[in-house]
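Some structures are shown below for you to check.
Here come two complexes built around chain A, the first alongside chain B, the second alongside chain C.
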Partner chain A sequence: MSEPYRYFLIFLGAMVVYNIVLIRFIALCPFFGVSNQVETSIGMAMSVLFVMTMATTVCWLAWNYILEPLHVGEFLYIPVFILIIATLVQFLEMVLKKVSPPLYRAMGIFLPLITTNCAVLAVATEAVKPGFLKLNVAYHFSLPEALIYTIGVAIGFGVIIVVFACIRERLETSPVPHMFRGAPIAFMTAALLSLAFMGFANLLDL
Partner chain B sequence: MDWSIVGKAALVLSGLSLVFGALLAIASIKFAVETDPRVDQVLEVLMGTNCGACGYPGCQVAAEAVVEGKAPVDVCLAGGPGTAEAVAEVMGVEAKTREMGVALVHCKGGLAESPPRARYQGIDSCAAADKIAGGGKACDYGCLGLGTCKDVCPVNAIRITRDHRRWVNRGRCTGCELCIEVCPRNLIEIVPRKQNVLVMCTNKDKGRKAREVCTVCCIACKKCEKVCEFEAITVKDNRVFIDYEKCTQCGKCIDVCPNNVIVRVVPRKSRSTKPKADADA
Partner chain C sequence: MDDGTTLWDEFKKGVITENALLKLMVGLCSALAVSNRVENGVFMGVAATFVLVCSNVLISLIRKHIPDQIRIPIYIVIIASFVTIVDLVMKAYVPAVYERLGVWIPLIVVNCMILARAEGYASKNKVAYAAVDGLGIGVGYTLVLLVMGFVRELLGTGKILLFDRTIVSLGSFNPPLIFVMFPGAFLVFGLMIALLNRYETRKKQ
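Up next is the complex of A and B:
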């Protein structure tokens, strides 16, 4: 298998086939929390893409150059990654506030939310411990592969949350029975979306 | 048990924590953005409902504008004079007082008074209903009763009953004017808070045509105009207008109005003593 093709498969697998929200049910909290309006959901998607990529890079480096050589990664990766992600988000918030106020205003509300987002931790973990992955990858990701995987997951999350926000905006004006208005119809819609994405199951193998 | 691994783990975690802590400490100094402490103080005393009545997107931005001097201290319409004074105190200036009005929906006809000519099943908003052949309401000028004004009201002052009658809670209404814009039929007006005698119809049709669509419509009979001793009432385009400055609220027009279109709003407390009063407007 050629290198670019493998990258493509990792990307597609992360984005669609094993979509983080609809197939693996991670990051459901922001998925329902910030999908009321298309505009805010786009902001959230961009912030997640940004933070995930940064977090995975640092976590990959920490794993490969600190945790693994000392043989402590196996039981220490969760506290270390949480530490890294929390610090990174705080740091990014400060830098953005100073360097790029418009970007800070666009992402500002979402950055602190992402600090404790399970998706970021999940992706960082999977990027270094591919055993969690169902992509049949039995080897450690190289840094480019880890990044492509992360971007795939983040875009998968972004596309789904924006699509879902569009549907919810449409639902606002639809004649939904009174008892189903709001969260119940959103849950049902999400379930149907999830069912639809099951059609991608086993689409590709590495 | 291999104790060296415990040592390594402790070392790694404490080492990383130290490094990250130091990094954040340095960053907080290096990337510190100077903010005016008054912004937070102003934000504290604003209403905090983010209603947008002031024209700024949210209370935070309004507070920043006040501190920068771009907005007056009485920027918060929803907060009224009390908030203006609190903001003025933070900013160290004298507050100007603004006369706060109260919203009034100029329509009295509910489903019972003005039976619908069609059943509207579209989008649940007055603007949409108005676009589709004037919605279900028989009267082309009256309130559609779908509650767009109720939805935008930041303080829940507007209530719409099941038979499409509207109540504005004068105690709650802050006169923020948000509801005026959203009403597709321009029925809502901000009237002086002390004004109790009010006209409840905007129908411009001639008497007979108006009567066909509603039992509480203004038929432009001009009785009120004639009976008014202070020349406060004028009838124009088959509509009744009260000049709130000339009106002494004597109530003579209420007595002569054949369709009970002119009403006296009674404050909540005294409603029990006057059971036939037309309530909150």
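Up next is the complex of A and C:
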């Protein structure tokens, strides 16, 4: 299999076949929390893409150049990765505030939320630490592969959250039975979307 | 707490009135993902309860020594240490379950339910109350996982398998596989909240 083709498969697999929200149930809090309006959901999607890519890069470097050579990765990876992510988010917030105020205004409010967004830790762990299943195979990703996987996951999250926000804006004005108003109808909608995404199952064979 | 609430009240609060999943809707991700089988629910529930109780107790013990500005990183490190214990123990003793739960065990660190209890309760209350609060929230979480796991596994596969033994079987029944698949989780959880809403509006009238 040629390199670019493999990269393409990893990207597609991460984005739609194993979609992070609908197929794997990661990052449901921002999914239900900020999907009320299309505009905020776009801001959230952009911030997640940004933070996730940075986090995977730093965690990959930490794993391959610090934790693995010292043979401490197996029992230190959880605290190390979560601290890297928390510090990174703080740092990005300060840098953005200084360097690009418009970007900070667009992303600022989402950044603290992202620290506790399980998607960032999940993707960093899966893409970096060997032994976790990703795209139904467990092999060790190189840095470019890990980055392509991360970007695929983040775009998959972004597309779904924006689509869901569009649906929810329409739902606001629809006559929903009383007991289903609010959260329940959102879950029903997610179930239907998830059903649609099941159509991608077994699409590719990595 | 000095306002006369007993430990039993704290426990009930965690299980029923402030149920993390059904009422506060935190910690949803792991609940929806692992509730496809009763057995997964049992292990995930026990793991999360262990982390909740231990981190609540430790944070409550050292609450007067934690500087206010860096409290969140300290909580996260404490929680991460207990999650590491769970991670290594499960990998050693129940490797098959560990494989199935996969990334969800390290993800207990970022379960908002646990950090919310640390910040909102354990950092302000006495050790005994913090322990019972953690236990209550953990039991409430586990119960919802078990109910969801029971409904999904029974309808989706026609029987309940627990530790390689069939507990309940529906006999010759062609199971709708969708319940153990991904949409089933959203469907069953949505219906649970809808029924709860209905029950509460009925009670009010």
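The working rule: the second predicted complex is superposed on the first by the 201 of 206 C-alpha atoms of A that agree within 3 Å, B and C clash if a C-alpha of one lies under 4 Å from a C-alpha of the other, contacts with A are read in each partner's own complex, and residues count from 1 in each chain.
One rule holds for everything that comes next: a residue touches a chain if its C-beta (ideal position, glycine included) is under 8 Å from a C-beta of that chain, and two chains touch if they have at least 3 such contacts.
A quick note: this is a predicted structure, and the numbers were derived from the prediction, not measured.
Chemist: Evaluate whether chain B and chain C can sit on chain A together after superposition, giving fit or clash.
Modeler: fit
Chemist: Please work out whether A:M188 is in contact with chain B alone, chain C alone, both, or neither, and reply first, second, both or neither.
Modeler: second
Chemist: May I ask you to decide whether A:T125 touches chain B, chain C, both, or neither, giving the answer as first, second, both or neither?
Modeler: second
Chemist: In the superposed arrangement, does A:H71 touch chain B (first), chain C (second), both or neither?
Modeler: first
Chemist: By the touch definition at the top of the document, which applies to A:M198: first (chain B), second (chain C), both, or neither?
Modeler: second
Chemist: Just to be sure I read the superposition right, which of the two partners does A:H178 touch: chain B = first, chain C = second, or both, or neither?
Modeler: second
Chemist: Looking at A:K98, would you say it contacts chain B, chain C, both, or neither? Reply first, second, both or neither.
Modeler: Once the two structures are laid over each other on A, A:K98 reaches chain B alone.
Chemist: Counting residues of chain A in contact, which comes out ahead: chain B or chain C?
Modeler: C
Chemist: Using C-alpha centres only, what angle sits at chain A with arms pointing to chain B and chain C? Round to the nearest 10 degrees.
Modeler: Reported to the nearest 10, the angle reads 80 degrees.
Chemist: Touch check for A:L83: first (chain B), second (chain C), both, or neither?
Modeler: A:L83 contacts both chain B and chain C.
Chemist: One more residue to check, A:R24. First (chain B), second (chain C), both or neither?
Modeler: After superposition on chain A, A:R24 lies in contact with chain C alone.
Chemist: Report the closest approach of chain B and chain C over their C-alpha atoms in the superposed model, as a whole number of Å.
Modeler: 10
Chemist: Do chain B and chain C land on any of the same chain A residues, and which?
Modeler: 75-76, 79, 83
Chemist: Provide the residue numbers of chain A that touch chain B in the complex, in ascending order.
Modeler: So the residues of chain A in touch with chain B come to 62, 66-67, 70-72, 75-76, 79-80, 83-84, 87, 90-91, 94-95, 97-99, 173, 175.
Chemist: Could you please specify the touching residues of chain B with respect to chain A in the complex?
Modeler: 5, 8-9, 12-13, 16-17, 20, 23-24, 27-28, 31-33, 121, 123-125
Chemist: Could you list, by residue number, the parts of chain A that touch chain C in their complex?
Modeler: Residues of chain A touching chain C: 22-29, 32, 74-79, 81-83, 86, 116-118, 121-122, 125-126, 132-133, 178-188, 190-192, 194-195, 197-198.
Chemist: Could you pull out which chain C residues touch chain A in their complex?
Modeler: Touching chain A from chain C are residues 25-26, 28-30, 32-33, 72-73, 76-77, 80-81, 83-84, 87-88, 102-103, 106-107, 109-112, 115, 178, 181-187, 189-191, 193-195, 197-198, 201.
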